[in-house]
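You will see two complexes here that share chain A, one where it goes with chain B and one where it goes with chain C.
Up next is the complex of A and B:
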């Protein structure tokens, strides 16, 4: 990447501003921040001079047993730069700000993270389950989720009208 | 109603309808039914690709007269459940089955539809569509090759043409 040094400089500047940590793994920068700083971090990353990381490639949840994480994969249509922002979320009270105001495309991605990990995105326009049905209990991709026994799963669910 | 019981009742009904006067007409009708299935296009996952291949020129399902894949359940009489049925889909699958006009049959194509396949322990999986609809033919494979699907349809053809024989075979006679 020819603009890697510029990107490194920008990321490190940003990290000191938001109390984050920078890591470099296989050529990609990883910026780890606390959940309250996520909007500030991503707004700044979107507006990096010369190396804007203005495209939200993917957004996903992670369960690391003692805490949850939301991972934002950023890239750009105008260059080779990539940045991975990880926001640490509390496991007992998983609340983080929604980035739908920065990227409209985060809408469904955040709903998926809510569906699978139960992370609540404040400010999301329509935060409800996306893959599973509305009355599903629990968050299946969490490490402590226990799958229902086969006898329970074999019962055909009654569909709620207008679902 | 319990699906196992429903299946038994359906088979009993097929036999009870037979009497001396209409037996010969029934034979003709069943011959016609068995040679012109109108399957419902119910591709749920990767098995659908094999179902499409079966419909293509290489395997050519129309050799047997079954090529009329219908997009509406009201025009079909065989439901080929080709793929993974999740618990979210199960009530809708049942609704499609209820909308098929009589007489109707169900083929569970592939290991997912038969018994859950590799996803059997998943939180979202309806392990086997025989908990939702009464299945007539199970086709193993992941996914089954087009030959398997054709063979499965031929088994169904046999079942439709000879209801009494199939019933006896099931009781080991």
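Up next is the complex of A and C:
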């Protein structure tokens, strides 16, 4: 558990530097920062002394209705440390810096987050939809996305009005 | 005088192509036979699993996870149910843990057998293919005895496992485990020892250690590049800390090592199953969990060592019966990122070999 205390100290130091909030939920440290600080945060986390979180585990979007978040799961191949960094992104203008310069492995993951949430990663080498086709409208994993096609919605609406 | 230059030729490999392991397309730019650029195109099998999860209850989503990496469905169930259990704080009975380990490791063997078989098949080795698939049938039989189906097994439940294996399961398991050394010898003789297979795989598609780490690659592909990282050892989940096994690591970084490392892993899986069969206690197979699963508000990320890499689930709960967000970290989707980088400069037949050694299952890549 010594590792965990060191990590807690490093994360708290970093949080004061980047105006972040630290939380601990079910044994995992969560550092929440604003989108402009994300590169600084992740570069620092990668170089933490003794407990480097240098492996990008996962990257995904999250819709919290009033704002979007990009969730980075960091870990290491050489230690038990794990850190979850959340970057708060504006819902109307979802722009955040790409981390492909830090980890090349973020390439597909950022494309997926763009595909599903419409988050634009500036500096990404090839930001195109990855699963859906290019002229697909809307971003399916956002909470306000309507899953039924427009024809079905119209039928349902007419029936309700008619009755 | 103009120097004559070969015109660059874009070629669509897939989506309907036997070597693409599902529906996957890559646009390969060729200069003669040499590859200059690869653009992977995916999404032909995209079913929107993450969106579907938001409109289903926690238990209803378990069968969907079978359809991720359908060659190792117990593992996908396992990853998902453990994440929900971690979120709810449920302890599951000992016997269920042991049964989960047995089925999980059987799934690993089956998945690796398919990998070996399909790599052989992609290199036109029909005979080697049939041997591995013949042996995999015995694992499917064991699934069927217990859970009733052979591929998408849906064997795990939140709080335990769906059924007690019948009496005939244990002798079948024992005879399978006893036969594995002979099976591996056959695969070696039929495929890995073959001069043509070695020529096609050795020193092809070098993935260096630094690049593998930078690309977030996990699983056998990472371990074949000389990194000793296995979730079962690094952050032991379930009861893996009780078993004595090694993590096979190879340093060849090439296609040959990426394939043959799966043979080493089968040996280790057999070791684990033997210990589990020896130590399994009697008792219940389901914990007492409420009929309606309603985890507290919170979020959790949990990952398990899938045969193909690290499969992670990130679940956000808002305190209702349906998850607010289920994020799946697909192992092969992330591992696929090496393909456009590593295959550059190789010939067109090599890209088939490199892709085969990744053991991509498009159900997992496309979610």
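Remarks
FYI, the second predicted complex is superposed on the first by the 146 of 163 C-alpha atoms of A that agree within 3 Å, B and C clash if a C-alpha of one lies under 4 Å from a C-alpha of the other, contacts with A are read in each partner's own complex, and residues count from 1 in each chain.
The rule is simple: contacts are C-beta pairs under 8 Å (C-beta built on N, C-alpha and C of every residue); 3 or more make two chains touch, one makes a residue touch a chain.
All of these numbers come straight from a predicted model, not from anything done at the bench.
Shared-chain residue A:104: touches chain C; no touch with chain B.
Within the superposed three-chain model, A:52 lies out of touch with both chain B and chain C [touch as defined at top].
Judged by the touch definition given at the top, the superposed model places A:140 against both chain B and chain C. In the superposed model, A:25 makes contact with chain C only, not with chain B. Of the two partner chains placed around the shared chain by superposition, chain B is the only one that A:148 touches, whereas chain C remains out of contact. Once the two complexes are overlaid on the shared chain, A:132 sits against chain B and chain C alike. Shared-chain residue A:60: touches chain C; no touch with chain B. Within the superposed three-chain arrangement, the count of touched residues of chain A is higher for C, of the candidates chain B and chain C. In the superposition on chain A, A:73 makes contact with chain C only, not with chain B.
The intersection of chain A residues touching chain B with those touching chain C, taken from the two complexes, comprises 131-133, 140, 145, 147. The touching residues of chain C, counted against chain A in their complex, run 42-43, 46, 48, 50-51, 55, 86-87, 211, 213-217, 227, 229, 234-235, 298-301, 303, 310, 312, 314, 316, 325, 327, 329, 333-334, 336-337, 341, 366-367. Chain B meets chain A in the complex at residues 87-88, 90-92, 94-95, 120-127, 131-132. The touching residues of chain A, when paired with chain B in their complex, are 131-133, 140, 145, 147-148, 150, 153-154, 156-159. Within the complex formed with chain C, the residues of chain A that make contact are 25-26, 28, 54-58, 60, 62-63, 71, 73, 77, 80, 82, 84, 103-109, 116, 130-133, 140-141, 145, 147.
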